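Two complexes follow with subunit A in common, the first pairing it with subunit B and the second with subunit C.
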Partner chain A sequence: MTGVGRRTLLRTGLLAGGAGVGALAVSRLSDATSAPSRADEEPPPPAHPATMPFRGPRQAGVTDDPQPFAAFVGLDLPAGATKDTCRRLLRVWTDDIDRLMAAKAPLTDLEPELAEVPSRLSITLAVGPGFYDAAGLVPHRPSWLAPLPSFTIDRFDGHWPQTDVLLQIRADSPVAVAHAQRRLVVGAEPLAVQRWVQRGFREPLTSSRPGMPFRNLFGQVDGTVQPRTDGADDALVWLGADGAPAPHGLAGGTALIIRRIAMNLDTWDRADRVARENAVGRRLGSGAPLTGRLETDQPDLRAEDELGFPVIDPVSHMRRAMPAAPHERILRAPYSYDEAPTGRQRSNSGLVFVSYQADPLRQFLPIQRRLAEADLLNVWTTPISSGVYAVLPGALPGEDLGAALLA
Partner chain B sequence: MTCTPVPPAHRTKRLAEMATLALAAATTLASCSGSPDPTPIPVASSPRPGSAALPPSAQQGGQVTLQSGWAKAGSGMTAVFGTVVNPGAKDVTLLGGSSPAAADVQIHSMVKQPDGSMKMTQKQGGLTVPAGGSAELTPGADHIMLVNLHSALVNGGDVSLVLRTADGANVEWTVPVRSFAGAEETYAPEDHR
Partner chain C sequence: MTGVGRRTLLRTGLLAGGAGVGALAVSRLSDATSAPSRADEEPPPPAHPATMPFRGPRQAGVTDDPQPFAAFVGLDLPAGATKDTCRRLLRVWTDDIDRLMAAKAPLTDLEPELAEVPSRLSITLAVGPGFYDAAGLVPHRPSWLAPLPSFTIDRFDGHWPQTDVLLQIRADSPVAVAHAQRRLVVGAEPLAVQRWVQRGFREPLTSSRPGMPFRNLFGQVDGTVQPRTDGADDALVWLGADGAPAPHGLAGGTALIIRRIAMNLDTWDRADRVARENAVGRRLGSGAPLTGRLETDQPDLRAEDELGFPVIDPVSHMRRAMPAAPHERILRAPYSYDEAPTGRQRSNSGLVFVSYQADPLRQFLPIQRRLAEADLLNVWTTPISSGVYAVLPGALPGEDLGAALLA
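Right after this comes the complex of A and B.
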């Protein structure tokens, strides 16, 4: 079900709309300091080019293999912000992101060396409901760009509220993430002010095959069933794909849901391996369904053990998350977090859940409702924040991000 | 003065390309946007009276461009930074100029004072950009000063300025305005020294 094994370059090249964009990325890798030379002089593309293309109809960082380090930065527009504020903010960030993703320093950067190490940096810009208020675009706001309904399992503590803008910054290097984050946040003031940062990590791609599902801090393989990222499932991920109508100014964008899920490692430690596998419905080692051998095997929901109990628990995470209809699928790119414990905590760990989908209400909400009603994993996990954003379409050469939205 | 020679091959190539473009523009005016690999864009504008009659060789200064230029957001007085590139065969000296946003445009540099502190002063003789080379305008060193701004320059905006060269050409640049925490230098006007 996944686009496993597709090369990132191929993906980004295809998704950006042509081989030319891919060729540019290659030339940047081969000599980051020289002007791009002709594509026919370039060697074959490496598995993961060291810079990712910024310009194109879609932003990077959605269907690309997730880099091992990420920062999600929530920012708010200042009081009294107008459409002009929004336009200037996106102008500043477009130029900064264009440079940073090409491993070049932003205009005001006095530490260019920190920007000049190609680290497959992707910066993805998304806007929240408040952006539409400031820009005077409320009538154009998509119905899904609003807080999700509250679920009984939610325990929001107010630290990571919905914001007007979200920066998703991912790279192979934590230095690249930290530097980009600092430059983008400082460079945007006073047009946007940082509210929170969520940092995350996942295994480096070199230690697993590209596209391999993520393993969370419970040791579970997460993300086996994903929409394909080779184009076949574009209508599930991208707004306006396959001729579908898109909200005003968002064709080529997507909806991003970010939820911070605290994971109680102390109580998880008390569960034996059988209980852990039962909770998720999959083997911890292979990620295979309890009725199968391979991660990609279809689960047999009717299989029973010798006592007549279902092999896959009806309230296991996998069973509850399974799509009830073909469109109930979302593209997930979660990151683990493991912050310094405070007070008497022994650990402060969890998941920065991130998903992309064309329509959160139709695709995400039914799944989340089932999980909130019953999911054995809820014993150990607690959602502590939630946000919904519209990822803007990509910026074509000479264009600023959000040009169509603010036109 | 911080004038940077241009030895690397790739840079020489780029300069050669830019020189061709600048010559093709056949104008003494050029501007530069803030895009990562700016190409000089000719600005449609009338040459100054008097300079139009000068032979092209006398207007070498019109070819200089500002790469990765930007102005610090602020009010009162502020600075413009970037890399001034001179693709021509003769040195070009920028003397000062004007801007619709400010009362005056001056070339400044940072000079060590008798007490050891660094203060900025107007640069005597202007800023010379060597033929085929470039000069850096950076916080804490040489920069272009916009003096007595008519109104505050805001992050994400634009500001235009015209620089006058020693050989009588005018170059017009429009640069993006950016928030910047540095460049808080103290100004030491010459009549106070």
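Right after this comes the complex of A and C.
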């Protein structure tokens, strides 16, 4: 009963003052005592093939195939937050995430029906620089856990600033994402307060076309060159992999970069296929380099057309994004966004760019620097926000997320 | 070549002045001349099991099972629009919709890859009162094609007003919806200009649970009592069915009501399961009436509890929504919305309520009047917009949508 006891105590403190809490606490507690699994027992096997495992040395949602629906939620700790605030927040969330990912309702969930449709839900927790401040861990903060240098292409409008904490919620169903998001945000208050939400989607109908690549709303194939996720490139993705030293408390974690990229569909519409393929450096249909036939073909940068011009433009997106060294690779899981236009907008569309890498300064920054200097796609794309987070290691049975960091 | 010739002429006039149009028109025209089907030939069979037929006496997207993703786009005709504007608009859209629903790219589409993933796309065209004004058809306007009377519960904020035209776009993929929406909006300019977009979703994972009902973000089962869609209730849904007289040019159409209902998840959170089930009149888990076991069980309105109170509250949502006469039934296809919160909002969620009925005044209005007078759910829900549209009849091979109306 220890787990439930701690939990109830915490909940009661958190929710005191809310109307109707008495009945709520009692009814959910009775569920909890008879629940088949608790955080401090053996990890249960996934309840259904369409659930993803939560317990383990690494969190889900990084090297897994991206589910088609996602919400990224930026939250801030309250003023005056301490290490204890951080611990309590991670305790609440660890239990909620454990249940939600198993397609079970969190203890305070009054809409369990929305939680119980298995939908490959993954919830990945990451922390920003402010979390280290609150937890008194500034000396341990990795050097890369700071705002990226500003680039001349950036036009941040202040709507999606860096926050203290980030929840990445992904699933096969937008209902599961909406419900999990709400439960985690409501369940965290007042230990953390939501600042913003970025939602996105990818094509869900991949089953009809296995291996179909991700296409953004420009129709462009995105994410061709990726580190391998079978373990061979773990050192590029995971902190502390292959015996590398890891920042304090982050072995088994990774660095997450999230940038919101507005895509101007109106001006893109004025570019024909030739101009588009030249800007991208790849064929729009197959995603193949302009010198190849298949998406996976190696580009031939020396190839020239009959007039002696390079077939792949030296300032095409692909050419500028190409690794200059083998370590300049990042694992990308971008999502399209297509929000309701406001005012005179005809569309409000773009990309939630998300990448994971062990070292943003060494892996991400050189690529982004090159793209900011010159990339034909910059004509149509504008970064409007940027954030850097440390994805925490996974939680072993009986552990809370962030246990090693806050030890 | 007649179809293509007319089309090209129209397009050229429409797009004159846009940058890059020359190359565009030529490259797409060459595609068009070799395209296997044209509007004035035999209707092609669906290209893939995951396409829905476009040609026929009735439009798709009314009695079909609702696809999980939808966008409703309100557009207005330009000032000075005439019957000719209306005709040209419907000609452009008929061709675009015919192609898009067959998972083919419209003629001007530069991202055909986004159009070519079969996703059960349906596009349903409906017109508002302003369309009749522009077309000089006011004497033919059905009496129900007008704003609904205002109800005391309404709190319209002006963001989603009645428009001259409505596009209903539904598919198994949000990418298909986003792409179709953009192509139709861009393709219609300047014959119609987008005023607003309302997006929504339903649970896409129904395949794992056949017959799973629609649940809104309250967790409430919605849409239990529906007219049959196998033909038995056609007179309730379709105009001119079973030999009934139909308004001029609308036989084979229907009336569409769209209302945006904000749902206050924060106050809903404070109601426990007992209070929620009492407000709804049904069990939240099964959707069964409080006097029954199955969703389809008939409610027993006379049943009393041990204290002599009615088991089903007389002002519960189900009780108030129940038909007082057999014709008081409407075909509902609601969608949840869950937009990114702005400012201090924690959530921005609700329902895009959509219903189809042959006669809104006789079928819809009595139900809505009762719900506005008294419905326990009104504590947590607020209508923030309302629109009434006439869904046009389907287009037979060689015809444009709205042919009978504009004849």
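Basically, the second predicted complex is superposed on the first by the 349 of 407 C-alpha atoms of A that agree within 3 Å, B and C clash if a C-alpha of one lies under 4 Å from a C-alpha of the other, contacts with A are read in each partner's own complex, and residues count from 1 in each chain.
One rule holds for everything that comes next: a residue touches a chain if its C-beta (ideal position, glycine included) is under 8 Å from a C-beta of that chain, and two chains touch if they have at least 3 such contacts.
What you are looking at is a predicted structure, and each value in this text was computed from that prediction instead of being measured.
Colleague: For A:Ala50, decide between first (touching subunit B), second (touching subunit C), both and neither.
Modeller: second
Colleague: Examine A:Leu107 and indicate which partner it touches, taking first as subunit B and second as subunit C; both and neither are also allowed.
Modeller: In the superposition, A:Leu107 contacts subunit B only.
Colleague: According to the stated criteria, A:Gln198 is in contact with first (subunit B), second (subunit C), both, or neither; which is it?
Modeller: Second partner only.
Colleague: Examine A:Val186 and indicate which partner it touches, taking first as subunit B and second as subunit C; both and neither are also allowed.
Modeller: both
Colleague: Can you tell me whether subunit B or subunit C touches more residues on subunit A?
Modeller: The partner with more contacted residues on subunit A is C.
Colleague: What is the contact status of A:Arg99 with respect to subunit B (first) and subunit C (second): first, second, both, or neither?
Modeller: First partner only, subunit B.
Colleague: If you stack the two complexes on chain A, which partner ends up touching A:Ala251: first (subunit B), second (subunit C), both, or neither?
Modeller: Touch partners of A:Ala251: none, neither subunit B nor subunit C.
Colleague: Check the residue A:Leu365 against both partner chains and state whether it touches subunit B (first), subunit C (second), both, or neither.
Modeller: Neither subunit B nor subunit C is touched by A:Leu365.
Colleague: For A:Ala235, select first, second, both or neither according to whether it touches subunit B, subunit C, the two together, or no partner.
Modeller: It touches nothing on subunit B or subunit C.
Colleague: Let me check the overlay on chain A: which residues of subunit A are in contact with subunit B and also with subunit C?
Modeller: 110, 186
Colleague: Inside the complex, what are the residues of subunit C that reach subunit A?
Modeller: Within the complex, subunit C touches subunit A at residues 18-20, 23-24, 27, 50, 110-114, 117-119, 172-175, 178-179, 182, 185-186, 194, 196-199, 201-205, 208-209, 212, 215, 217-219, 265, 269-276, 284-285, 336, 338-341, 346-347, 349.
Colleague: Mind listing the subunit A positions that touch subunit B in their complex?
Modeller: 33-35, 87-89, 91-92, 95, 98-99, 102, 104, 107-108, 110, 186-191, 398
Colleague: Per the contact definition, I'd like the list of subunit B residues that touch subunit A in the complex.
Modeller: Residue list for subunit B touching subunit A: 8, 10, 13-14, 34-37, 68, 70, 139, 154-157, 176, 178-182.
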